[in-house]
Structures are given as C-alpha cells and as structure tokens.
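Common to both upcoming complexes is chain A, partnered first by chain B, then by chain C.
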Partner chain A sequence: MNILVCVKRVPQTGGRIVLTADGQAIDTRFLGHTISPHEECGVEEAVRIVEKEGGTSAVLTLGPAEAEDQLRDAMAIGIERAILLETQGGEWDPVSTAGAIAETIEAQEAANGRFDLILFGNEAADTGDYQVGVRVAVALGRPVINGIKEISFGDDRRVAFARREAPGGGWETYELPLPAILGVKEGLNLPRYPSVPGRLRAKKKDVERIALGSSPSGAQGLGAGEDAAYAASPVPGPTKLGLRLPAEERTAADVIGRGPEAAPAVVDLLERIGVLSK
Partner chain B sequence: MAGLPDKAKVVVIGAGIVGNSMAWHLARLGWRDIVLLEKGTLPSPGGSTGHASNFIFLTDHSKEMTAFTLDSVRQYKELGVFTQTEGIEVARTPERMQELTRRVTSSKSWGIGPAEIISPERVKELVPFIHEEIILGGFYTPGVGVVDSLQAGTLMRQKAQELGALTIGAGVEVTGIDVEQGRVKRVRTDHGDIETDTVVIACGIWSPRIAKMAGASIPLTPAVHQMIDIGPIPFFEHTNAEIAYPIVRDVDTNMYERQHGTGFEIGSYAHRAILMDPDDIPSIAEAALSPTMLPFTQEDFDPQLEDALELFPDFVGDEKAGIKLAINGLLSLTPDGNPILGETPEVKGLWSAAAIWIKEAPGIAKTIAEWMTTGEPEIDPHGSDIARFYDHHKTAKHISARTIEGYNKTYGIVHPMEQWASNRGVRLSPFYERERALGAEFFEAAGWERPYWYGSNEKLLAEYGDRVMPRAAEWESRWWSPTINAEHLAMRDRAAMVDLSAFAIFDVTGPGAAAYLERLCVNKIDVPAGKTVYTPLLNGAGGILADLTVMRLGWNHFRVVTGGGMGMRDKKIFTDALPADGSAQLFDATNSFTTIGLWGPRARDILAGVTSDDVSHAGFPFLTSKVVEINGVRALASRISYVGELGWEIYVPMEQGLRVWDALWEAGTPHGMVPAGIGTYAVTARLEKGYRAHGNELELDFNLVDAGMARPSVKDADFVGKAAYLRQRAALPVAVLCTLTLDDPTSKSGVKRYMLGREPILSLAGEPLTDAHGRRSYVTSAGSGPSVGKHLLMSYLPPSEAVAGNHLLVEYLGEHYPVTVAVAGATPLFDPDNTRIRS
Partner chain C sequence: MSGTVLVFVEHAGGEPDRLSLEALGFARALASKVDAKVDAVLLGSASEGVAEMLGPFGVGLAHVAINPRLDDYAPAAWAAAIRANVAARSPIAVVVAGSDRGNEVLAHVAARAGLPMAANVIEVRPGDSWRLVRQRWAGSLLEDAALDAPIRLMSVAPHTVAVDPATAGTAPAPTISRFEPELEPGDLVARVVGREARKSGGVSLGDAKVVVGGGRGVGSAAGFERLEELAAQLGGAVGGSRVVTSLGWRPHADQIGQTGLRIAPDLYIACGISGAIQHIVGCKAAKRILAINTDPESPIMAVADYAVIGDLSTVVPAITAEIRSRGLSHS
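Entry: the complex of A and B
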C-alpha cells in the first residue's frame, strides 16, 4: 500500500491570536509552527497502514522553505520520504494549491508508481478552506470522502472502507475503489510522539524540493484570477479582505467556597456534571 | 483584584521563587504592609520558575554563589520541598577530569559535605543506564537534590500571610514606578496606585523593563535554554518514585539528564546563545504555553540529541519513548554571569533581585532582606551587587556580547584568570598605544585594557634564569607568563612603571567633607592636608566592606582612590552616606585622572630626573602627597606603595597622561626601569608584602582582627562599625590571616604544580581546617614570590594552626602538597621592616 499524506504548515496556537498590523495574517512571532491537527492524524495513519500492510509512505506540503520542519516532523514518526513544493512567499489559495499538488502527484506517480491512498486533513487549521483534497481528487479523477475517522481495507487491497460520524449519531461507512483520496479528521487515531532515533533519522533524510513561483494569486491576496486554474474555473476566485478577531469572551470564575467548607459545594458540582453519582 | 492597599511599606514585584522568598524573608525580619504583585496567576504565573528544572548542584567555584546555594538548600529542606537525589558530573575528557578534581577542592573550601571523584564503574552502579565506556569518571555529590520551587513559593507566601505581613495582588500588572527626589514614591498598576518608598524588582526576565519605568538599569537579557522530555521509559516504571537515580550532568556536552517519574528530561546549554529583547517577550495571553516557554527550535537541539543518545543509548535510543515536550525556556543571563542584587545606584529604595536561579533564590532573598533591613547581610553579596556595573556594562552591545560569550561556559572549564574575548577595548588609557608597542598582554579591569605583563620584558628572562619560577603545567601557565616574575625582579632591583588607570577616583569637597569621611572610614581622616591615609570601610557588623586610600588635598578637599573592580560599588557606599544638608559633595573623577605607579630602588632618581620639586625622603615623606611639575604637567604624586618599594602613585589629568608617561620613560630608561604589569602589582609584589586585597582576603565575613589589620589604637571619632570593631578587638581572634609557603611543588607525576587560589588548606592528616565560626581555611590569594623564591599562599587559619613554622597541606587538582606557615599575621615576608618603602 503506497500512501501519500498532504500536510500544511500552520501557526501553533494556544494563546490569544494576534494579527499582523495590516490585518492580513496571524502574527507568528511568538508562535511555533506545526502540522494541522487533522493532518497529524493523517501522518500517523499513513505510518500505521504501512507498518501493517507494507508499502511506502510519503509526505507532501506546499509552503515556504521553513515548511521543511513539518516534513521532518512527519518523517520523525516514520514517513519515509518528503516532497516540498517550495513557494516564494505569498499566500496560496486552495485552487492554486490544489492545482500545484495535483500536478506534482501526477509527476510523482509517473516516476515512482501509483499512490493507492492519498490523505488530506479535513480542513487546514488556519484557513479552513475544506476543499484542497476535493479539488485534487477532481483533478485526478479519483473518489474522495471527507470527515473520515476510521480507515480499513478490503481483503484484496483493491478497496478502502472509510467511516465517518453521521449527523445525529451513528456511522456512515463508504467503500472506495483504490486509488482514492480521503479527508481525515482528528480522532482517527492518537498520533505518537517522535522518538529521538526517529528525529535523528529524519534529520538525515533528503527532502525533494520543487520550486514554485511566487503566489499565483498575487500580493493582494486571493483571487487575482490570472492563473490557469482560475482561467479554467467558471466562477471568479474569492478575494481576501482581511482578518478580524472575534470579540473576546470574558468568562468569570465563580468562587464556590473556601477551605474545607467548600467541600459540599464541590461534591454538588461534581454530581451535577456527572463525575460523581448520587 | 480587589483589596489592593493604596499604601505599602514595600512592594515586591513578581511572585516567582525570588519574589515569594523576598516576601517571606522581609516578613520574617519584621517588615509589615508588604504587597506582592504578580501579573500572572498563582501559583505558577508564567515566569522562569514555572519551567525550571529545579535541581540543585551544590558546588560552584565562587564562594559567594556556593554560600547562596547552601543556604537555599537549608531553607528548601526546612520547607520540606527538597528531595535528595545525589548528582554526578561526568567527564568525557582528561581536561574535564582535572576540572572535576578542582570541583572537589572547591567543595572542601566552601564546606560542602561529601563530594568525590568516582570511577566509571561506580558511576554505572549509581546510574545503571549510563554508557560508562565513554566517560573517564565522575564528580559525585550525594547532597544534590531537586526542589519543588512552586510549592516552596506557596509556603513562603503562606508563612508571610500568617504573620499578617503580606497582601498578594495576583493578576495585577505594574504600569509605572514614580520617583520623587531620587527615591521611589509609588507603584502604578492596572488596579490602582500604591504609595511606597521601597520596591523590590523580582521579575526575572522582565526586570529590565520594570527598572526602566523608574529610570534604573538592570543589565540582563532573556535567553533561551532548551529542554526536552522523553518517555515513557519502561525502566522507570518499576521505581515508583519521582526520582530514584542521581541527576547526571554531561558537562563536556553542556547538557544534563534526569529522571522524573517515567520521563527523562534532557537540558542543554550547548546550542548557540539565543537572546531576546525583554520588550519582545509575549504577554501571558499571547503565549501558547507561558511567556517563558517559547516554541522549540529543533535545529538548535539536534546535535545534542546525538550526545544524549551516546551517553544514554537505551533510553534515548528507545523507539517507543517519544519526545513529549520540547521547549525553548527563557532564563536571565547577565554580562558577567552573576546575579544582580541590591539597591539600584540610580534610585533610592528601588531594589533588584534579578538573574537568580532556583538553586540560590531563597539564600539570596534572605541576604537581600537582611541588607534592606540592617545593611548587614550574613553572606557578602559584593560579586552580585548591582552597583558593580559601570556605564558601559549597561549597554545593549556589552550585554549581548558577554552573554553570548558566557552562555556556552555554563558548564565550561573556566580558568580563574580567563579573559573575555568579546567587546574588548572599551576603556583605553592614554598610554595604550605605547603599551601595545611594548607587546603588552592586556587583561580587562572595569572595562580598561590593562597590561598584565609586557612582551618587551621577555629579554629579562635570560637575566633572571630560574628565579622567574617557570611553570611546566599547562593549567597554571594559562593566562600567565614567567615574564611577570622577571618584571617583578627588575622592579625590586631597579624600578618599574605601572599603568594604574583603572583606579576609581572620587573627589570629596565641602565644609563637611572631613566629618563625613571620618564617619565612614576606620582610620583617622582628619589629618593635615598633604597626608595620605590607607583605610578599611566596615559595615555595622564590623565586616570588611572595602579598603582604599584617602588623600587630604586641602582643608575641604579629599581624594578617595579605590580599586576599579569594585569602584562603582564603593561609589555607592560613599554616595549613600553623603550628608543630607549638602555640606559635602562627591564628584566621580575616575575618568578625569590617569594614574602611573613608579616604584623601585631607583624610583626617586627617576622622579628627580623629571621634576625640580623636592622628592627627597625628608622633602616627600611616606604617606604624603603633593603636586609636582613633570614636563610641564602639574601632577599629584602620592608616596605610597602596594608593591613594597620606594615610589609614588602619580595622578595626572587624563589628557596629559601620555606626556608624563613619556617623560618618565625617558628618565627611567638609563636606570634600567621596566614597564611592569598588574601581574606584578596585584599578585607577586603584593603577596610578598602580605598586602590584603578586597574580594580575596577582605570580605564581609572577615573582620580587621582576623585580617591582622587592627591598629594599636582606635580613633576617638565614631565611624560605621566601630562598636562591632571594638568588640572584635576585645575578643580572642577566631581566625588569623597567614602567609604560607609551598614547600614542595612536585606532583606524584613529577611535574611542578602551583596553586592559583581558592584551594582548601588541610591538616597533615588531610582533614579540612574549620574555625570557631565554621569557616573553612582556604587559599585567599596565591602566586609566585620571586624575591623570596617560594610560591606563596594566603589563608585564614584557626589560631591554633596559625603558628609560624606549622606544617600543613594544600589540596590541588586531587593531590596534597606540603605547605608551611611562614608568617602569622600581617608582617611582610619580603622586607619585613619595610625599609624599602621608607627609604
């Protein structure tokens, strides 16, 4: 089973989000970068599939030169090879991103053979576009399902079974002929931490770099509409006006008691939220 | 936050381990209405305490830092938050093995319990998961441990609250500090203002920003220390203990490793220094983990992973052990590596308690609290005194250069004389170019480039042969040259000129000047104009604060001259004591005058060659000063000596210094005069004369009776420390400062070895000597005595051992060497009758 995982370098958040002065991006000065959480599960799943089924695993990203860190993170937990579609800065919209990735996958498959399964995160943690995987699938003419939280394979390895939670409870199970594309979600698995030997191996591995031009959407943001992908599209691209932070929710803490006298109130509370039963 | 008072006796800013310790010790010493402000949430507000590794190794080559650490351990134990784990520093190289023997000697000198060198096999017994084949041995300290610094802080806050002394304001951000007439007036916060005249800045990496609000400077920089945590390690699951194995410092790779629970923490000081501007630290809200736990930069840590893998292959190489946490933790670095403690020179009532590690925090807080309360701290904090900094030390350039250079020395093998390489050439004397042409080897003192010896004097080596006491071993030859001893001998035979530009000089003037200085100085200052007085300064407890000279230049004009190293600290002592009525003023004339020392049997002939003023013994007696004209320059000559020779210190307006240097040079050359460096001035000549030096022999924990500096009588006038001094004189001495000679420098391997200072003095049975105050006997100063043909050591000994002719041992690099007490007390070994000085 040959698996490709596509990942995106995104800011690692945890504190209050701060925007750049021009309101066009998240200020990442104090933030590290990471792989989108859904995609971390994709990486873990790819490693597990290859551990179980045999085959090869590869990771691909489209991003700046620094996105190499995220590729090595993926290799540190066991992905075998990495491909970096290196941008020259600027923001890549989902249409252009999907176009460049589809093109690369075709070239990779022509050289190295078919990817039986290509995993995307359900949506990127930063831009949340929900569409790159679908666009790539359309471009490559392969079946695609999003929201996947469980993956298995048919005995003949010709089909994949993908499950996702159904609205209102229960599970939907899909059978997809391979090759196929899946958009996966957190909960698919619990990603492992990298080991030190894994980290050291990843450090020594090559990253295949493919240079891309500057943002095809132009410096103004999305939808300048000049590139081929948009030219072929019947609808004009969207334009990003800017980012705005939601109003901060002020939450107040209720002091339910002090010292030993607080114990009954704590028990009440624990019962109310179902931690303790009466 | 409700209930913040609008007035306080003292406001402590920052509730990390330092601020909590400060609040407790101030409360313990009787302070009330203490307000502790913290912008984060308790108990872990987000500063460096929150991510500290919390382990404590006991031994530091610095006596002061070790004293802080030992006192802190005592306090942590009392609080019940100390877990003894034992600790081992392992050596991968022979150089490190030698360094570890040095650490054993420092442990003995500073009175640390057991500490010994152990074999790789013994290391393996203690740490069964170590790859012992790559190490040569270890320095084993059973007393090493780990503390819960957050719990310690909580307990100390509670204790202060139980005394009714403390109000805590958490979630309160300081927005300003108002200063009126040079003194703290109020602290402004986002929850209202607090009137106070005393503030303690205990804000770690944020301290510079808070100090700046009041117009003061705390020269530290936030810097990154990387650590990762891997696990779970199945091996540790059976220990059922938070810590069951000794902490290992892999010092040659600048790393440490320790178990905690089933995890294994790896920390590093090996990566490049990553500094940060205090203004660039994220706010608590902006930070993902905490403001001092920044995103990990993997590429900086990668090389260290290999080192850790080599030493602990089973755990670090475990494919199933994941890297669970990896952070770039922020901590505070200072340009000289020491903490920054004490009242700021800029603002009265504004105290700094910054750049302090977990291992020393409670001890330092106790020291500062004592300092704030009585001015008499039990541990001498002079090496960490915020007042030690000169202006150039406070520049961004200096801070960044020296912290970058110092970072990788955290676990380094640092020679006691090691010079900084970065940001040199800050202060240049008028003679600098002359000295460079003479091949001077420059050492730094208070930013000045000061010749330690001169390459041009190598020609003297042939003249003096083995009298220069050559050194064969690399360690003692480092930062040293036999030329120093040749210069010394040439000075004793003929004459030498010494660049003393690093002196700090304060001119004190006004009708109240004499009375003001009299109050500070032990010796009588109200002497006739033209007299020079050498005097110690004491604190109220009779501990030695400083020693310096005071020249009376006129009825209302005095010139105070003190060493450059502590010059700015001494300036603060004098400034703080100035009379409120303005009857005396102090002007810092350090940069107005350069000083040339001229000493040796031919000094008078040389000086007479450049001046027509009377320089005869009758016309210019010892311990007097007067203006002489040299080559058209009016210079102040003071007949005094720190080298035990006839001669003068000559004070010259800075811009005319070169003119006097050249005149003396020309006049001295026919007499065989040489330029001599500080190696002669501050070490060899001083030791032969038994002169005491501040920071070596003279510290707060010693008194004038111990030091053999008590004069036959005490002046009538009152002075700081007089009552204590009188008590000390009436009591039996507890220790006696002695000069010892090294009887045989030959090591077991047949190489001659020479101690450099700070080594323990032992009985013939090899046991450390301890005086009645519990102080160990250690070498306060060491150096060649070329004129007496012996390597010399000074040490305070218990009175029973302080007997001329007594045989003892000194431990040096793991071996014992025989020494003999040559002089008990202050009598010089060389020229004991001082005929040279007074000729």
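Entry: the complex of A and C
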C-alpha cells in the first residue's frame, strides 16, 4: 500500500489569538507551530497501514520553508519520504493550493508509481476551507469521502472501507475502490509521540523541495472546470482581505467561592438555575 | 441585481434540517439586498413533501429530484444533481448549510464547476465585488474576504443565523418543479453502503442539558470518576479537552472543541480546563459556564459566568456530598 498524506503547518494558538499590526495574519512571534490535528491522525494512520500492509509512505505540504519542521515531525514517527512545495510566504487560496498539490501528485506518481491512498484532513485548522482534498480528488478523477474516523481494507486490498459519524448519531460506512482519497478527522487514532531515535533519523532524511512562485500560479493543475460556460479555467478564491477577532460577549467570571468550602454556594446556584430540585 | 439565490436543503425523516433552515434565513437576507428570489433544491424520494413545507421560509420555487439513487448520501452524485440545476438556472449564488454534508457537497460542486467556494460564511455584502465575513479556526477568528465569480458558492456557519419563518404560517407552498439529473456511474462510487445506529443508553454529550468537562487538571483517567458522579447527579454527560483525549484518559468522542464536538447545554462545568480558544469554540454556546480551576488567571475565567477557585479533586467531591446531603435531584 503506497500512501501520501497532505498536511498543513498551522500556529499553535492558545488562550487568545493576537494578530499582526496589519491584521493580515496571526502574530506567531511567541507561538510554536504544529500539523493541523486531523492531519496528525492521517500521518499516524499512514504509518500504521504501512507497518501492517507493507508499502511506502510520503508526506507533502505546501507552505513556507519553515514547514520543513512539520515534515520532519511526520518522518520522526515513521513517514519515509517528504515533499515541500515551498511558497515565498503569504497565503495561498484553496483553489490554487489544490491545483499545485494535484499537479505535484501527478508528477510524483509518474516518477514513483501510484499512491493507493491519499489522506487529507477534513478541514485545515486555520483557514477551514473544507475543499482542498475534494478538489484534488476531482482533478485526479478519484473517489473521495470526508469526515473519516475509521479505515480498513478489503481482503484483496482493492477496496477501502471508511466509516464516519452519521448526522444525528450512529455510523455510516463507505466502500471505495483504490486508488482513493479520504479526508480524515481527529479520533481516527491516537497519534504516537516521536521517539528520540525517530527524531534523529528524521533529521538526516532528505526533503524534496519544489519552489513555487511568489504568488499562486493560478490553478492549472485542476484543469478547466467542466462547465465551460461558467469558467474557462478554475476561478481562484476566496481572496483574504484581512482578519479580525470576533466581538467578546462575556465578561469576567463571578467568583462564588474558594476550595471545598464553596460547595454550598455552588449547590445554591444549581438550585437557583433549576438544574437541581428537591 | 435580481436573479435567484439557490439553497440546497438537506432533510431527514420528512423534515428539513435545522441548519438548512438557517441557510434559508441567510439566503433570504442576501436576496432582499439584491432583489432576488430564493429557490430551493432538494434531493431524494422524500423531497417533494419537504419542499412543500418551505413556503414560510421564503421559498417560492423548489426544484426536486425524486430519484431513489439520491436517497442515500453520495456527495459526488448529490453535487452532480445540484450542478445540473445550477447549469440550467444560473443562480447568482448557491447557499448550503455549513454541515459536514453541506460543505462536502458544495466542495464537489465547486471543483466540478471550476468556481471558488467560501465555507462557513456569517455575513455577505453583494456588490461589484462580493464581500463576505467567514469563520476561521472554527469561529475564534474572522476573515474578511472577496468572492469574485459568476456564481458565488457559500456555506453558512452553523448557529449564526436565527431560524425565523419569513412569514407567519399562511405563506403559500412553493411551486414544485421536478428535474431529473443525469448521474454518471462514477458519481455513485462513494456512497453510504452500511449504517450502524447510535448506541442508546445514557444522555449523549451532544444532547445533554448539563455537561461536566474535565481537562488536564483532572490528573488521570481515574480522576474522571468524580466528574462522572457529579454528571449523574445533574442528569448530564461528561466531556473533556483535547489534552484528556490525547492522553487516552477519555475516548475522542468525548472531546469538546474545534476538532471535537460543539455543544450548547444549559450549563457547562469546566473542571481543570484552562480555556484555550480551540476548547472555547466548542462550549461557548452554553447558556452558563461554571469554571473550577486552581488558577484565577486562567483564560477560562474570562469566558465563565461563575468560578470556584480551587483544587477540583476536593471541590468536586464537596459538591457531590452537598447535593447528597440536601437530598436534591436533577429536574
């Protein structure tokens, strides 16, 4: 089984988001970065599948030079190969991102053979565009399903079974012929922590770098939309104009007590708001 | 501008989904700004009955594809059907609910049509260039964006629009127009082939009126017994932060937040949770929040309505003991 995971580098924001002075980005001077959580599970799943089924695993990201850190994090837990589509900073819209990723996958497959399974996150943690995986799948003509929290394979390894939560509770199962694409969600597995030897090994590995232009190159990789009447080539967007914090509705908490002695006041409150009664 | 805004209405059990009704509210506000009409598109055998209920929500014309092959969820097939309708009608915008299915189907429509898509929009201003506000980071950050395309594809962020009928119950039922989309075999490859019903028993985290949440401060998997006891007394459910699911103290299904569940109980009791923004987006819809935390400076204090400063391992048992001694039970 040959597997590719597409991951995105995102800031590890904590209690309060702080924006840069121009309002165009999160101020990351005091923040670390991480792989978006859904995709962390995609990385873990790829490693587990290859451990069990044999084959190869690769990770790909489109981002700044620093995104190499996230590729090495993925290699530290067992991904074999890493590809960085290096941007010159600035954000890429989801249409252009999908175009560049689809183009790269085609080139990679021409050189190294087919990816049986390509994993995306259900949505990127930062922009939450909910579309890059689907766009890549449509461009490559492969079946795709999002929201996946469980993956298994048919006996002949020609199909994947994927499960996700149904609206209103319960589970739905999908059966996809390989090659296929899945958008996964956190909860798929519990990602392992990298070991020290794993980190050392990852440090020495090569990262294949592909330089991208200073701004999105359009969306060539996606080909023209089928509805020629509407779009001769895919229209990029949406275009970010700026970021801002939502208005805060709440004010500081009313401290009703300290330590176990606060219990009577808490229970009074629970009675008052109608949660408890005699 | 005039024209139509096309809304994809999801439905189940013969009823329109709540989030789709929100999407209709959003579409109605948009349509009134540009003097457009609101059309709906519904898929599957039950769609005509559901379409007839949409008059009070401002729908004048409903396009229904009564094809049993569209009964089970199949995102590419649903998208093909919506796109067939879009191609025939050229709406100025297509609006869907920002649900799992809504976002997924719209992404397929966008990819096939070569159009951009804006997910989880909360506000839109049509003009020469359409301006919109959309959620990032599950709503902890907002983005001002431009959407320039002949047809604007948008999903509406859940729970940001009220579900108010446009008119009192007397609105006429919409005109129903049947259409028969052509489906390629490939469109039906990714479709639901099996189902497992929700395990019953206990109140589910998503439906609970009271939720007791635990974070790193709970200290261990065993530490959650105290929270379980309190939740049982209050007729509620237990949830947790990402830290406790990553440590394996609780299953991921119990996680509240950006990459877990978003809840809206009457009361949320956050025990040993610092209040990271990704956790807060999952619980801020609670009517009231009570925080129990050793640190009076933790960010949760700025979000909570009430707080107890203290060690949850002694505060929570003191509360459960007090409830027992007063002989109280949940309503």
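Quick note on the criterion: the second predicted complex is superposed on the first by the 227 of 278 C-alpha atoms of A that agree within 3 Å, B and C clash if a C-alpha of one lies under 4 Å from a C-alpha of the other, contacts with A are read in each partner's own complex, and residues count from 1 in each chain.
In the analysis below, a contact is a pair of C-beta atoms (placed from the backbone, for glycine too) under 8 Å apart; a residue touches a chain by one contact, two chains touch by 3 or more.
Model, not experiment: these values are computed from the prediction.
A.B. asks: Quick check for you: in the superposed arrangement, does A:200 touch first (chain B), second (chain C), both or neither?
C.D. replies: first
A.B. asks: Which partner does A:267 reach: the first (chain B), the second (chain C), both, or neither?
C.D. replies: The answer is second: A:267 touches chain C but not chain B.
A.B. asks: Would you sort A:63 into first (chain B), second (chain C), both or neither based on which partner it touches?
C.D. replies: After superposition on chain A, A:63 lies in contact with neither partner.
A.B. asks: Looking at A:42, would you say it contacts chain B, chain C, both, or neither? Reply first, second, both or neither.
C.D. replies: Once the two structures are laid over each other on A, A:42 reaches no partner at all.
A.B. asks: First (chain B), second (chain C), both or neither: which does A:99 touch?
C.D. replies: So A:99 meets neither chain B nor chain C here.
A.B. asks: What's your read, chain B or chain C touching more residues of chain A?
C.D. replies: Tallying touched residues of chain A, the top partner is C.
A.B. asks: Would you sort A:13 into first (chain B), second (chain C), both or neither based on which partner it touches?
C.D. replies: both
A.B. asks: Contacts for A:179 in the overlay, against chain B (first) and chain C (second): which applies, first, second, both or neither?
C.D. replies: The answer is neither, since A:179 touches no partner chain.
A.B. asks: Touching A:30 in the superposition: chain B (first), chain C (second), both, neither?
C.D. replies: First partner only, chain B.
A.B. asks: Indicate the residue numbers of chain A shared between its chain B interface and its chain C interface, in ascending order.
C.D. replies: 13-16
A.B. asks: Tell me, which parts of chain C touch chain A in their complex?
C.D. replies: Those residues of chain C that touch chain A are 10, 12, 17, 73, 75-76, 83, 87, 99-101, 103-104, 106-108, 110-120, 131-132, 134-151, 155, 186, 189-198, 204, 206, 209-210, 233-234, 242, 245-246, 248, 252-253, 255, 258-260, 266-267, 274-278, 284, 288-291, 296, 298-311, 314-315, 317-319, 321-323, 326-331.
A.B. asks: Inside the complex, what are the residues of chain A that reach chain C?
C.D. replies: Residues 13-17, 26, 37-38, 93-95, 98, 123, 125-131, 134-135, 137-139, 141, 143-147, 149, 164, 166-177, 185-187, 190-191, 222, 224-227, 229-231, 233-246, 248, 250-264, 266-267, 269-271, 273-278 of chain A touch chain C in their complex.
A.B. asks: Give every residue of chain A touching chain B within the complex, in rising order.
C.D. replies: Answer in residue numbers: 12-16, 18, 29-33, 69, 72, 192-200, 203.
A.B. asks: Sort out for me which residues of chain B touch chain A in the complex.
C.D. replies: 230, 280, 282-289, 294-296, 298, 302, 305-306, 308-309, 316-324
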